[in-house]
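Note that chain A is present in both complexes that follow, paired respectively with chain B and with chain C.
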Partner chain A sequence: MPSAFDFPGGVHPPERKQRSNQVALIDAALPSRVTLPLQQHSGQPATPCVSQGDGVKVGSVIAKREGMISSNVHASISGVVAEVSATHISIDGDGRDEWFRLPPLAWQQAEPQALLARLNESGIVGLGGAGFPTHIKARVVEQHAIHTLVINAAECEPYITADDLTLRHYSNEVLEGAQIIARLCGAAQIIIGIEDNKPDAIAALKQALSNGQPIAVELTVIPTRYPSGGEHQLIKKLLDLNVPSGGLPADVGVLCHNPGTLLAVLHAVRDGQPLVSRVVTLTGEAIAQPGNRWVRLGTSVKELLEQAGLNHPGLNPAALNQVIQGGPMMGSPLRTLDTPVTKLTNCLIAATIAELPPGPPESPCIRCGECESVCPVALLPQQLHWYARAQDDAQLERYHLSDCIECGACSYVCPSHIALVDDYRDAKHRLRQQHIETTKAEHAKHRFEFRQARIAREEAEKQARKEARQAQSRRTPSSSASASSGETDLRGLRIAHAAAKASVRKAEKNLARVAQQDPKQPLDDLETQLATAKENLNAAELQLTQAQQQSPPNPAPSKESP
Partner chain B sequence: MSDSMQLWSILSAIGVLTGLGLGFGALLGVVSERFKREDNPLVEQIDALLPQTQCGQCGYPGCRPYAEAINQGDALNKCPPGGEATIHALADLLGREPEPLDGDAPSEAKVAFIREAECIGCTKCIQACPVDAIIGAAKQMHTVIEDECTGCDLCLDPCPVDCIDMLPRSSPLTQWQPVITPSPDLIASDQQGTPGGVHAQRV
Partner chain C sequence: MSMMHASQVNDAKPTGANVPPTASLMRWVIIATLPGIATMSYFFGLGVLSNVVLAAAFGLAFEAAVLRLRRRPLHTTLNDSSALVTGVLLGVSLPPASPWWLIGVGMIAAIVVAKQLYGGLGQNPFNPAMVGYALLLVSFPTYMTLWAPPQGLLPSGLWAQIAGTLPTAQLDSLSGATPLDAFKHKGEAVMASEFWAMNPLPDGTLSAWRWVALAWLAGGLLLVFKRIISWHIPVAMLGSMLLLATLFYLSDPSHFASPLFHLLTGAALFGAFFIATDPVSAASSRRGKLIYGAGIGALVIIIRSVGGYPDAVAFAVLLMNLGVPLLDMYSVPRPTGQPKTPPGEQP
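== the complex of A and B ==
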């Protein structure tokens, strides 16, 4: 049994989990209309494959994955497609709730390829918050050997109890889902990391573990401290492994999954049921019946909160101030309630003004260093704050801005009430934008060079044809006058030809090297470069042959004179 | 005797140093001739800082020719798509004084759009496009590949029927960023009684 190790920093915000973890998990009412965004995951948005007026059942694919990192989207109610737009698909329900399920798979016997294909078809993504497609995550084993699967049940953010309730009700199923993933990625052990503020879930897990598991499962209870649910923090805590800066847990042989994701994996494999619903925590002082619900994806947030007693005459406890999607530390306030629940909505907090008051106005940084002592990544938040405000990108990089997990611990303790995380998000966004701009410029440059090379080659071809025509019509080569200049020309052309050949080889080598290093990244630019080099070679070859034909085979008298 | 020894030692030192000088000089000369670089690495660096729209607003046919001209001593401020940021980056690289931009910086990213119903299929814009971002054939409708278009507006002038518009470029959802509302401008005494004074219980 590994003892608990420690990550630096961390805070203890008020938990407020009791409000939503007192009642059992129930199904939310079936919505009459759902709106499903095409992008509910990280990577590329999905492409619609239905059109307006099509009839769909629960679980029919309505948008297919597009590109390398992407995920399918399925209809979450049965009915008729009402709208297909560039960003979302709406479905009007018929209330019959008819299902379309894939054939069940016996995962103990199934081939890994079949399991991966099933995860891919079922549109499973990480339900913890990042929404990374699970089938891509499972394929990480092609590059890294995985020894441990970590079930991230820490759920360290205040208010949220979705994983807690999932584990209480479905501990056996979550463990079975974990067995599937562990088998897929060849992990030798499974570790559950759970905070000690969930005694009921821990009891349920212990009960489930007493049945015995094919791959060894270990339950590690860790003390409650925000943000122990961060992937890197949890791995440090459970296994004392440091995920390298800018790296993935797979770099140290670990894979992290959320209990909700594992449950969805089991449903997809055992029951053939794609990801069409998830557990959402509804909480906050402004609703009368807080708790966790199974919610169909695409349900309107407003409808859902109204079912839970928002603005209910008689029941209404207090006036709503704002609705936060996610937790109070990392979540974002919703600008409108006419927004759907997506694969990434784990919690909705309908907060009153007294519950989550707006932050007091910001004062200047007094360099107290409080933020530095709570940073779980051991960064220097105040330095980052200065550099982010000054837009000093070189220093931001030096101080590892990209390692910031945006947990909000620094903003939470700041005595000057500076919204530090907002600064970092802004700076990260700016850097990302700059990166996109430079890649675009590079791409445009390659295309421009290719065009130049193509035009040069076409010009050379034209010239060659013209010369050939002229030579045929005259039949008398008159190159004796330019013999000496022709010779130097020929030499120059030979050099140019050799250089062009070398650059083609270089471009080919480059392409092969990059393709071998990382087969996933796009190779368009390198391919364009290779094409450019080939065009240049063609042009050089043409010019060379043309010059060779023009100049007579070496002047004879110079050799015979002695 | 000692005099001639001294003279000899001085002469030999001079001889050795001259010999070394000549030897290394010859070596440097041979090497610089043998491994001569055709392209100028500074031009590459300048080119990397330019925005690569290939728009020709600087008066040169593309970004690379302008980079070569800058290397020859041309002004740094002729690139409107790059704006002030490019001028400062170039000034930093070359150790020159940044000058104010010659012309107006574009307000936003643009993309060319062909009103397809009006296009007569003359292929003039295809020939003008520096990055091959327009597809079409003679007497067939043309269209712009949005992802490849650099917004240089070189296709506008050749079009005989004026059917090309420059539209603001749409940014994908993935680049969306929440709007940060600035905190209200309160004076310090208004802050009294604000909640949130819960301090972290330090570990």
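== the complex of A and C ==
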């Protein structure tokens, strides 16, 4: 079914997918050593739970998730832990490939909690590139009602064919994985969004769909146009829903998953197999046997490319110039090939200088507006460019820098060869740093205020005890002069008490609101503020009762005084 | 980081707009001026060509001189051909066979003042060629209104005229009036129909101007077709000219010229496709471009009809250049996903 809706802009870069989608998906050779980074996902790095010399099997947990947004890391080969460092764990393989699997779960009968726990234990993260932990994403239903699960099979970036090949080989399994996630989050329908340049994958999906699905599945073929695989763009295209600025697809009742992730979900649930391997596209003119491979996580990029017939750097025109991780639009060149494949590695392009030449020198922006016409978010990239270079933060916000998805369409068309997206990334980074600095200062201030409040409360308590002692020993009524001054004091203290009470209520409300709106937000600062307000209230209460005891019992002194 | 660039791939789908780099954008503009220059030369003699050649040479020379003073790389910047474009555009705007010094003064204003003093390519708030033109028009009105009637390729006294050695007395004998000029100065008492009945222009003048206008249209359409310029500004400018000229004409046909006359004489089509579309000094968003173009068209008709000058493209463009920062500020498109805000709160 062709889609009636559209996002603005977009470009048609050369697809160059033929290079890697001509051969079947095969297993890469089992590596003899793997290096598994502790951070292969968004959020906090995992904490190692093995030490050097420990024996591990494929699927053993070697690092546990840390904090709310994090993910487990598992051994991807069997063998012995060779090194545990602050950033990664290395394993020397024994070549036996022994597995440790969790018991299979029948997802049709399983409790949602059990499924969530399984996803959590299995270290599943989004395999499309962002690496967001899948169990956290599934828990979004706690805040938002989800009506649709979108399978993002657009794979719009040039060169990459991992999803294409995954669907050709595993369309039944991907759909079953989608059923698990859809059931888990209560989605009433599943929509597959796929670009029309993947006829084989589309045919495989049609074949798989003829089997009948418990939750309705719709296959929507969309015209090939970069960046239709952007979450917000695809949702606009498939459902004509606009994800609000700064929001998530869940805000409009949609959840997006990549086919590779759904396959991993099925493997984790049905087979008890944690995320230890993924499909990686090996492509580029500098390798002789391009194609897609099942690669164990932690395999060295260099070994992998050499298996695929890498032409080593040299004077040969077919030789390697750079290796790009990800696609040519949004990916980044690797500084060294001695780097492991991670959960986020969907594509490795071993490019010759001829196929992806270095950009020509930048010339001044002539405001031609070409970037504006291709921007899929309808931003004004050239204005952002001026303001990013000028570090004009107010204007950057006004021109919605934060809405930029960094797709690179503007850089692709710029006739002046300006690396626009690099400017935006730098500016975003700078703004993020600034934000962190200001919140840090803010938190420090709040902690200081809390300390002050605590000291004041303790002081008031001390004072109260002292007064009580004195009153006990003297047992004499206070003089009339002190009574009159006590009266004015009392009024001031009553006002202070009421104000302190109000600020406690305000702090409580604030905390509740933020916790509801954005559960991901760290709340310790707001907790500090609430505690400060409570300390202030305690102190005010003490002072008030103390003053009331001292002054003659007079319910409303201010009204009766002449 | 984008490692792919449209200008460097040759295997993109042909439907995908392939944007040439800035230098070749400029070269396309020059190519698109060729029909106009050829037609003008055919009707008004080689003086048109001498203007263009001199202005282009001055343009490159001044650009090189300022770049040297500013210690900027000469080669890469001259290579972008933007100074050449400014020269060509000012050259065709001047009366044929303008004296060399006039062209030189105009190009100093255009390249040195309007462009390089503001920081070079991409930084100038005003259209350089039109700054040069406006300066000459107000400083040397005698020379700027000497538009000879259609003549042979090599009119007599061409060289003396270019060299600036022709006595002033003889200048007048060479000059004629452009149709806009003649109509402007027909006098209040003369009705439009009477004016045309007088046959006020030398034979062939009106048709020569029409052919020239059509040649510029052809070049302009080439630019739109090649996606060197977007359609927004020309369409908005010509549309608003047509609308306003029609209103004027309908209000009093005996005094105001017909819309077609406005479009096919003077610098309307040339201005719409070649001058107003200068991206550097124009509004940037699509909505901004439409307002910008419409503003130029409206100003042209207003100045032509009730102002003091027979033609007004230069002033209209410069006036709208002034408004560009404001237009850019108020025509920011709403990004997808941003809430609709009331117009007052829109940045």
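Heads up, the rule we're going with is that the second predicted complex is superposed on the first by the 447 of 562 C-alpha atoms of A that agree within 3 Å, B and C clash if a C-alpha of one lies under 4 Å from a C-alpha of the other, contacts with A are read in each partner's own complex, and residues count from 1 in each chain.
Rule of thumb we're sticking to: a residue touches a chain if its C-beta (ideal position, glycine included) is under 8 Å from a C-beta of that chain, and two chains touch if they have at least 3 such contacts.
Note that the structure is a prediction, hence the values are computed from the model and not measured.
Of the two partner chains placed by the overlay, only chain B lies in contact with A:R451; chain C stays clear of it. Legend: residue contacts after superposition of the two complexes on their common chain; A:P158 is shown touching chain C, with no touch to chain B.
Residue contacts after overlaying the shared chain place A:D422 against chain B and chain C alike. In the superposed model, A:T87 lies in contact with chain B only, and not with chain C. Of the two partner chains placed around the shared chain by superposition, chain C is the only one that A:G408 touches, whereas chain B remains out of contact. Of the two partner chains placed by superposition, only chain C is touched by A:L379; chain B is not.
Applying the stated contact rule after C-alpha superposition, one finds that A:E442 touches chain B and leaves chain C untouched. When chain B and chain C are set side by side, the one touching more residues of chain A is C. With both structures placed on the common chain, the touch criterion links A:F5 to neither chain B nor chain C.
Overlap of the chain B and chain C contact sets on chain A: residues 11-14, 332, 357, 359-361, 363, 370, 373, 412-413, 417, 419, 422. Those residues of chain B that touch chain A in the complex are listed here as 38, 47, 50-54, 62-64, 130-133, 148, 150, 173-175, 177-178, 180, 183-186, 188, 190-191, 194-196, 198-203. On the side of chain C, the complex with chain A involves touching residues 1-9, 11-13, 15-17, 19-23, 25, 76, 80, 82, 120-123, 230, 279-280, 282, 284-286, 289, 328, 332-339, 347. Of all the residues in chain A, the ones that touch chain B in their complex are 9-14, 39, 45, 87, 225, 332, 354, 357, 359-363, 370, 373-374, 409, 412-413, 417, 419, 422, 425-426, 429, 432-433, 436-437, 440-445, 447-448, 450-452, 499.
Residues of chain A touching chain C in their complex: 7-8, 11-16, 158, 232, 236, 242-247, 322, 324, 328-333, 351, 356-357, 359-361, 363-370, 372-373, 376-380, 382-383, 398-400, 403, 408, 411-417, 419, 421-422.
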